[in-house]
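Some structures are shown below for you to check.
Two complexes, one shared chain (subunit A), two partners (subunit B, subunit C).
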Partner chain A sequence: MTLGYLLTVGTFTGIFMILTLSLNILTGYAKQVSLGHAAFFGIGAYAAAILATKFGLSFWAALPCVVAVTTVVGIFLGLPSLRVSHDFLVLSTIGLNFIVGSVFKYFSFFGGSMGIVDIPTPTFFGKAFGTVGYFGLTFAFVTLAVLTSIYFSRTWGRLAMEAFGEDETAAKAMGINVAKFKIYAFAISSAYAGIAGALWAHYVGSVFPENFGFDRSIDILAMLVLGGLGTIRGAVFGALLLQVLPEALRFIQDYRMLVSGAVLALMMVFQPMGLLGKGSFLYLRSLGILRHFRRGVASGAP
Partner chain B sequence: MDFLQQLVFALVLGSSYALIAIGLTMVYGILKVLHVAHAGIYTLGAYMALLVVTHLTRNFWVALLLGMVAAGLAGVLIYRGVYYYILRRPRIVPLIVSIGIFTAMNELFRLLFGPYQHAFPAVLRFPMVITPYFLITQKQLLIIVLTTFFLLMLYLVLNKTRVGLAWQACSQDLSMAGAVGVPVDWAVALNFLLGSALAGAAGVLMAFYRNMVYPTMGNVVAYKAFVVVVLGGFGSVRGSVIAGMLLALVETFLGSLEWFNFPRDAIAFLLLILVLMFRPKGLFGRL
Partner chain C sequence: MELLETEGLTKDFGGLRAVDHVDLVVRRGEIHGVIGPNGAGKTTLFNLITGYLRPTYGAIHFKERRIDGLPTHRIVTLGIARTFQIVRPFTELSVLENVLVAWGHRYYRKTGPFRPYANARRRAREILESVGLADRADIPAGTLPIGLQRRLEIARAMALEPELMLLDEPAAGLTEEEIGGLKELVGRIVATGVTVVLVEHRMSFVMDICEVITVLDHGRVIAEGAPEEVAHDPAVIEAYLGTGSVNAAG
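What follows is the complex of A and B.
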């Protein structure tokens, strides 16, 4: 097990952390279940790939464009959520995977099923990022995503989203502009996913339609549900667990989707708040241990 | 004529859509749960029939029957084993659970039977129709006849029996139906049994028709079934049957146009999003 291998696993984990954080805003706060998150991710990755290979833009110059593209697409794709209630929104997000996937696959502008290859590695002051540098770059973005998530979770926007997530009619009666905040949720969420996509595209160096299918959407949702819907710590932890565990336990690799599916079903039945969500067993227990420990330190006992 | 031949294809395709969508519609009508795992049941029916055909007998009818039985029982198991306990939770819970079950089922099939396509070597004596205008192969005729038979039986059960009456009561108000003496648990379990058996039948029929069984065969077809449910106006069996046929017609005829090189499977989802945006209650919805 070399350092390079660990850093690679770490980089992918970081990318998925950004994805779960982005899904957390949409599904955790606003309660709009999205099974099409891989589509946003894919749009980001393809935007980055096309800007880099066809327009020759550097990673840094392309990034704002990628974010702009995914935000606009997110707003557009969020429009159905204004008309459609919960269950059927999920259906349209499933459809999103298929539509976006087939657009990538059948239009030669997006490289068709051959994908887009030879995406250059980003540079920093003329020097290309190595494995270590890219790991650092990814985690700089993870940190940024966590910090902005924390900031967002303290704003009025998050309160509004949680309010209409619980009860749309009541939220409307309280004077919340539900439509506006739903679109915000989609826009913010897909902007994050776009960054994750750009990081992925430049790291892997190629994008294919199959990278961003329905399975990947389920993966991302499973990570978030496992960690804890609606919490930042849960999103980060879930991505860490479901990315690193299959690497550590090689024999699980073949059962990956089985694990994702089982995680989704079992967690929702037994611990719907996730492992580290609000009021979950593990979180309460660790808080208790922490408190106990602190009290021990304070009173001078060992 | 080419037109009539296309119509035959559309009818066969529409039959499979309708058979799957019926189960989904009935479950949604009563429990208001989007039963994504229904897609897994469809695949399960096909694999059960495959087991019968490869290990027991080449007889198609036995395979169909056992496939339907297995699918029906699996449906009841999913209801009694899982949904039953989480129905009162927020609606996102059964939905995510259902998606999880579906994913796990697909993976289970892949691990048990391998990721490749199996042939489906059932034998069947069935007539075929040859006219100067179109041709219906024996498999196509079988699907059309069987689907008509199932739909007819379903019509009778829904409209002429006490079970059908109980389902209607349940779909209007579950707790009220219980209060006036409908054995709700049994009614819902029966509902799952019948709907899942029909999905299983669709799986067997499509496996026989295309002569292949593979783990992800449920994916696209069953999402389309959701589209059919939405188009048909959520919870209306008749609407779903009509919408299934309509979707198949649109797909077949758009797909046969030469300039139309957009993938066929994406049509359904485009339709879905359009309908959800402009007619959120479905094409035939009254709600």
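What follows is the complex of A and C.
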């Protein structure tokens, strides 16, 4: 195991952390279950790829455009949520994978099944990022995503989303414009996904329709559910676990889809709050241990 | 014009006329009871006023402004709060967060959603104290017993700081002792200048605290007036005896 290999795993893990934080806004807070999150990720990646290869924009110059494009398309793709109930939204988000995948595949502007290749490595003051540099770049964005997520979790917007996520009828009686906040949830979530997509495109150097399919959507949702829906620590931890574990246990890698699927199903049945979510076994345990520890300190015990 | 006026308010569900040409007038500062047998249309009336349902015919004016057709969240920000007959707490949020969600109504526009709510915690706690829920502030609202969930409904309505509060059977399922507390709470709310419309089945409760009572039967207003008048109105006694549910004079 070389350092380069570890940094590569780390970079991908970081990208998935941004994606789980993104999904946490939409599914963790607003309870809009998305089985199509890879589509948002893919839109970000393709936007970055096209801006870099066809328009010659640098990573930095393109990034605001990538975020803008992903947000706008994300809002558009979120519109069905205003009309359909939760169950049907799940179905329509599954459809997103295939719609977006088909657009990438059958329109030559998007490179067709040959994808888009030769996406340049970003530079910083004229110097191209190496493996170490890109790892650093990715984790700078992960840090940004975590900090903005923490900020958002303390705002009125998060409260409103959790409220209508649980009960739209009651939320309206609290003065919440449910439609508007659903759109906010899709917009914010898409913006994060756009950044993750840009990081992916410039790191891998190419994008193909298969990179952003249904199986990837399941991966992202499984990570968030494993860590704990509706919590930032859960989003980060879930991405870490499901991204690093298969690397460590080589034999699992061929069964990636099986692992994600099984994690999703088992967690839903046995620990729907996730490993670190509110009210989860591990979280309550750790609170208990912490309290014990604090009491020990407070009472001046040795 | 009075605080709330409905004119010829009518709601059909298919062939069923749930609310039938109701002219309800609620004056500032009063406690206005709305009673009637099961299925009389009381909850439907609330749903119309708060924008959950569109009237089939008729108009609703609040503070001289026509509000029928407006979405619920707009009506709430104009100053009408309601509670639900079947309580609807946000079960996974804490009791305090439930009140915060309501307090947030003034922040759900413009850049408000992107501002932190920490500063409002103190105010939310005060509201919980005033309804006697302060010691449960941090537990999930879904774990409260029903009596306290009804208090939380009212706490959220208070946090909306409305001019008009619509309470849909706040005493249902409460013990006599809890009803005493509820009376006192409604009294305090009215004392702060809030107008209250109260739907209730517990006749003693309504007779006790309401100044005006409107009686609905099959969607129609069959009587209106002071509690003693209404209680002795033959049409009212007939309506209740007809369904055998409540003794109106009780």
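General remarks:
The rule is simple: the second predicted complex is superposed on the first by the 293 of 302 C-alpha atoms of A that agree within 3 Å, B and C clash if a C-alpha of one lies under 4 Å from a C-alpha of the other, contacts with A are read in each partner's own complex, and residues count from 1 in each chain.
Definition applied: a residue touches a chain if its C-beta (ideal position, glycine included) is under 8 Å from a C-beta of that chain, and two chains touch if they have at least 3 such contacts.
In this text the structure is predicted, and so the values were computed from the model without any measurement.
Shared-chain residue A:A62: touches no atom of subunit B or subunit C. When both complexes are overlaid on chain A, the residue A:M174 reaches subunit C alone and has no touch with subunit B. The larger set of touched subunit A residues comes from B, when the choice is between subunit B and subunit C. Applying the stated contact rule after C-alpha superposition, one finds that A:A265 touches subunit B and leaves subunit C untouched. Looking at the shared chain after the overlay, A:P80 reaches subunit B, while subunit C stays out of its contact range.
After overlaying the two complexes on the shared chain, residue contacts for A:I119 are found with neither subunit B nor subunit C. Look at A:A45: by the touch rule set out above, it reaches neither subunit B nor subunit C.
When both complexes are overlaid on chain A, the residue A:L23 reaches neither subunit B nor subunit C. In the overlay built on the shared chain, the residue A:L91 is in contact with subunit B alone; subunit C does not reach it. In the superposition on chain A, no subunit A position is in contact with subunit B in one complex as well as with subunit C in the other.
Contacts from subunit B toward subunit A in the complex involve residues 32, 34, 82, 85-86, 89, 91-93, 95-97, 99-108, 111, 219-220, 223, 226-227, 230, 261-263, 265-266, 268-270, 272-273, 276-277, 280. Interface residues of subunit C facing subunit A in the complex, by the touch rule stated above, are 50, 52, 71-73, 76-77, 81-82, 84, 88-93, 97, 100-102, 104-108, 112-118, 140, 156, 160. Remark: subunit A residues 151-152, 154-157, 159-160, 162-163, 166-167, 169-178, 181, 184, 278-279 touch subunit C in the complex. Those residues of subunit A that touch subunit B in the shared complex are 31, 33, 35, 79-80, 83-84, 86-88, 90-92, 94-96, 98-99, 102-103, 105-106, 214-215, 218, 221-222, 225, 254-255, 257-258, 260-266, 268-269, 272.
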